[in-house]
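Below are structures written as structure tokens.
Each of the two complexes below includes chain A, the first together with chain B, the second together with chain C.
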Partner chain A sequence: MYTLIKREIEDHIVYFLGALILSLFFTGLIIARGFGGEPGEILGVILAALGITFLAIATLGACALGTSQMHTDRNKKISAFLSTLPVSRNQIFAARVISGLLALLVLLAAPATAVETFLSTIRQEQPIYQYFTIEIFSAIYLVGLGIYCTGLMCGFSSSKIVPTLGSLVLSVVLMTIILIKGPGIETSIILLIYVSASLAYTWRKFNTTPFI
Partner chain B sequence: MSDDAIVIESLVKYYDGRCVIDGVDLKIPRGCIYGLLGRNGIGKTTIIRILLGLDFPTRGKTYILGEDSTQLTNKNKGRIGYVAEGHNMISSYKVSRLINICKKLSMRWNDEFFNHLIEMFRLPMERYVRELSTGMRAELNLALAMATEPQLLILDDPTLGLDTVARRQFLELAVDVLQKDGRTILFSSHILGDVERIADRIGILAGCKLVVDCGLEELKRRIKKLRLIFEEKAPAELHLTEIVNQQSSGREMTITVANMDEQKQAVINTLGAESCEEIPMSLEDIFIECTRPKQKQAVVKT
Partner chain C sequence: MKDLTYKLLKSFAASFVVLLLLSAALFWGRFYCDGYLYGRMAQESTYKGATISPSGILPAEIENDPNVVIASEFQAYIELDSVVIATRLGIFDYFKQRMPEGRFMMSFFEYVNMGETVLHFDKNSGLIFYESVKVKDTDDNKIERQKIKLFAGPGGVSEKPAKELGRFYSPVRMQKEPIIYHSRAEMQTEYDRAVPITYDKKLRRFFKIDFDKRDVTKGPEIDKSINFRPVQIGRLRKGEFLSGLWWNEPKIEIKEEDKEAEKGYWTRHKPIEIRFHTPAGPYVPVLDERGLIFLVDRETLEIAGEAGYLPAPMSFFGSGNSPRPKDLLAFEIEPVAIMPDGEYLGMGVAALSRDGALMTVAVFDKEGKLIEKGYTGVDGHLYMGYTTDGTVAYHRLKIKTDSSKAVFWGLPGSPLATVLRYLLENLQGPALNIATFFTADSFEASSGHRALFLVTNSFIGMKGRQAGVSFSWKFFSGLLLIAPSIILSILLAWSVKKDALTRGLSKKEKLCWIAGVLCFGLAGYISYRLCHQAADLVNCRNCGMSRRVDMDVCHRCGSRWLVPELEDPVWRVRDS
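Take a look at the complex of A and B:
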């Protein structure tokens, strides 16, 4: 399994490096502005930064990663080759999804830590921020995951137009959910249902489609 | 444990409403080198892909090393070596990376044997797979399959793209692998000389069906081609069962009959031909007779 996950990461290293660079950039921004300015201004900066991060995940990163993983697989007959080795289709699929989860972690772990570190210093004065980090970052993570799953779902196609347009449209729908409803338990449940459904659909399709 | 490495039961496969395989039954015993022959696009690769679980049957069942092909465990996959038609490996990888991945994912890996093969084939480790010639890709694919010391080696037109020397080397290697106990080889090819050299059992696919499934020597014994010369015009029709092919021209009639026996010979004798001579047939001749587009569906099986 480790070999399969490592293979996925190495094959899509550009996405991981991109996620790391974005992550470091926003972490730097949060640290520089968060600990240097006035509290009110600081939170505004943080929220703006997170908003941009979120958009970056949604439009570029997760969606492209998912689409690329499946589209490349189909075009280069990667799974067709791997499944002739002692590897099951389930393992190939699981490794792919785990690598997607890791890419999102790479993107969000450092900014989340920076925000939490900053908020821990002002939490006693402003208890409203008690679960701020968990709520915001879990919502962003789930949106990223949902969009990533959309990419996986649409990417398993021989056409280039269908996966690109399909995943972009579904990504916009997902983004609007969080923009309208805001982070919270209801949004998380909706996103979890979407993630589960799209993963189940893609897994079934991956397991029942002949490898050409 | 079943004595058969491969079992195919009433296999049917449709592609886009077109029948490709129609009720194929086949058993390949362990330790056998089985040559599966057929014209291009007749379904050889489809059968192999279904056996490996890469494709799914429309109807019927296939078993490989005692397991249903659609539910092959990793343990059994580890006992199978596969050389694919066209040698589709991951073309965007360097040779060294592909080898590394295969080595890590395989259950057994004979480093010494693999290095010997790599040295023999002179494969460049730092080149991308897509940069290799067809012959080199075939050699790499073969080396990867052989390194796992498979109990069952499935070769789908493996010598396609190899030059004569490499083809001979490959065949010698295949025989070398078989010499180890219990190894089975399923060998699909359209190069009949290769099959004739190494196979001890032959299957011929024609018209979506397996029309021949028997030992090589037995096949040569049971399919006969006769040339009959008549005093006057040769009859247009001959009422005999299991005729593979029949052609009449002027005074001459040529017939190819499967499962030739005394009874059939007696029927032929009643035609009153001036002379009747047997034309010796090579495997290639038998193949051509069996796979003619309008051939009658005679079946040779044991």
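Take a look at the complex of A and C:
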């Protein structure tokens, strides 16, 4: 399993490096804005963190990674080849999903830590909602995961239009849920169900589609 | 069994994915329509305000003063532009509710007192935390800042949290009342007068917390038999970005000889000499969960009586039931008292409907009796007509249209946007539309604007909230309202039935999918298509229809695959 995950990361190293660079860049931005700006700019910091990371997820990360993983598999028959080895399709799928989870973690962990550190320093002096970081970043993480799963779902197709255009359109629609509902617990539950549902659907499709 | 479980899992998973994505896409369609409708109303209507003039709360000797040229009035308005529509989105509400004055922070009372004062409730200790910066002018013209931190409980005020202070359990936040001042000294007096009052739901009594005197005054315990559940104290309002209510005092004409001295007034009129106070004088207004407004004596903390109620705004289908605070998108209460005696005169109450299209204004006298009620409306549009001498002239319609209808039909281009919105609502599927009908009243008004599945601000939702008609009439007219959704679902279900026959789905599976499509309409149909990719079909040798290659028997005629007859070969291998 570990080898499979490692292989997935190696195959899509560009995405991981991109996530890491962006993560460091956003963390720097948050630190500069938070610790260097006016002390009252809490909302600005949170909004900046939300907007920027959100945009990053939307534009570069999750959707492309998911689509690329599945589309390459479908067209280059990677899982067909791997199945000749003592590896099951379930393991291949699990390794793929774990690598996606890790990519998102790479992107969001550092900015989330920076925001929480900043808020904890000013929380002593001002009443600040204590679950800001958890709620906002868990919602962003789940949106990112949802978009990644949409990429997986649309990517498992032999045509080129469905994986590229389809996943992009659906990702944009999914992304707007955070605007519609706000990043609260309700949104997290909806997104969690979406992630589970899209993973279940893709898993069944991936497992039952013959190697043709 | 395992196969069936997987099939069910895939079907439910695909259905949820489709339902969510389709609902989000439909949301933006409806949002665009709403933005267009309300935006047009803001741009093109003559105005979307309601005025009650004379207000009816002033004593006759003031209102009928011969010098008064403009009577006192209550003015309400709705903010209708597209930017304001965007603030109804969940992301704005999320941050608003988590700011220091928001619902999640329990900051009771916040005001600027030549520095900053913050008050918030600490759930763990059950104490109200007070922090203030007092600014003093020293003798050598310097400013001295002193930071004060205090803790208050039902038992008193202290510099440190102590057991003797007791604890609050579920205090109701007091909102800052508007402060009227005409000089710096007056402002200071007004701020000093502003003492937080809270009500604890468990302790069932009011508390006045004076941090300057470090004293807590307890009100009498309210009898448990009285159904009294306050939700707001002080300035009673909700959705302040979406609407507003103003009290205007009577005005007199500025005399020609006084104009030089009255440079501050840019019109020909100025307020009369008597001064008014928009907080309720000796009382603090309290809003109850049922939408009733009470007055509580600021000194004794006893309930002085009922002062009014939230009026029911009309929707597209007429008036709804008496609203609770959660049923309104916005409301504002403006009590009026005479200064300096502080005699309470009455209040104006404005309530904005769930969909944000109509505002009702009601005026109550000091006894709490309704004096007058009014609605926001549109005065009409320019239309072309002919004068008696045959020349073309433009006139304005004089008929005032109630704004809940005008927003949908009354403006150029709005019928098209209304029809589009209606059709988008119908794409939600009959089951969700019927569920919306039954739950239209259960959700908080602003949450209806960010609803994905149960669209409570839809036409079917408005129908569900309609009051004054029998349930059967309401239900059947509601069904008629969602007829496009029902017809579409029937057509799609018929298509699924036909397709299922071709694909050879089992009877049970076919019935399940037909039921799913009948309930969820388009979302059900797309899910069906996602779960059933194109099957390989060949002609059946028995019935001539298409049959599946992966099944033992033809799903139409039940015949098996025809096996060519095996004949013994004529040759044999023998031992020589």
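Here is the rule we use: the second predicted complex is superposed on the first by the 205 of 212 C-alpha atoms of A that agree within 3 Å, B and C clash if a C-alpha of one lies under 4 Å from a C-alpha of the other, contacts with A are read in each partner's own complex, and residues count from 1 in each chain.
Keep this in mind: contacts are C-beta pairs under 8 Å (C-beta built on N, C-alpha and C of every residue); 3 or more make two chains touch, one makes a residue touch a chain.
Please read all numbers here as calculations on a predicted model, not as lab measurements.
> With both complexes overlaid on chain A, does A:R7 touch chain B (first), chain C (second), both or neither?
Only chain B is touched by A:R7; chain C is not.
> Identify which of chain B and chain C touches the larger number of residues of chain A.
Answer, by number of touched residues of chain A: C.
> Just chain B (first), just chain C (second), both, or neither: which does A:S198 touch?
It touches chain C, and chain B stays clear.
> Which partner chains sit in contact with A:F25 here, chain B, chain C, both or neither? Use first/second/both/neither.
neither
> Applying the touch criterion given at the start, work out whether A:I78 contacts chain B, chain C, both or neither, answering first, second, both or neither.
Touch status of A:I78: first partner only.
> Between chain B (first) and chain C (second), which does A:T187 come into contact with in this model arrangement: first, second, both, or neither?
The second partner, chain C, only.
> Once the structures are superposed on A, label A:S88 by its partner contacts, choosing first (chain B), second (chain C), both or neither.
first
> Inside the complex, what are the residues of chain A that reach chain B?
3-4, 7, 11, 76-78, 80-88, 91, 208, 210-211
> Inside the complex, what are the residues of chain C that reach chain A?
Answer in residue numbers: 6, 9-10, 12-14, 16-17, 20-21, 24-25, 27-28, 89-95, 98-100, 102, 104-105, 107, 118, 120, 450, 452, 530.
> Looking at the complex, which residues from chain A come into contact with chain C?
43, 46-47, 126-127, 129, 132, 153, 170, 173-174, 176-184, 187, 190, 193-194, 196-201, 204-205
> Enumerate the contact residues on chain B facing chain A in the complex.
49, 52-56, 74-75, 77-78, 80, 82, 84, 88-92, 101-102, 104-107
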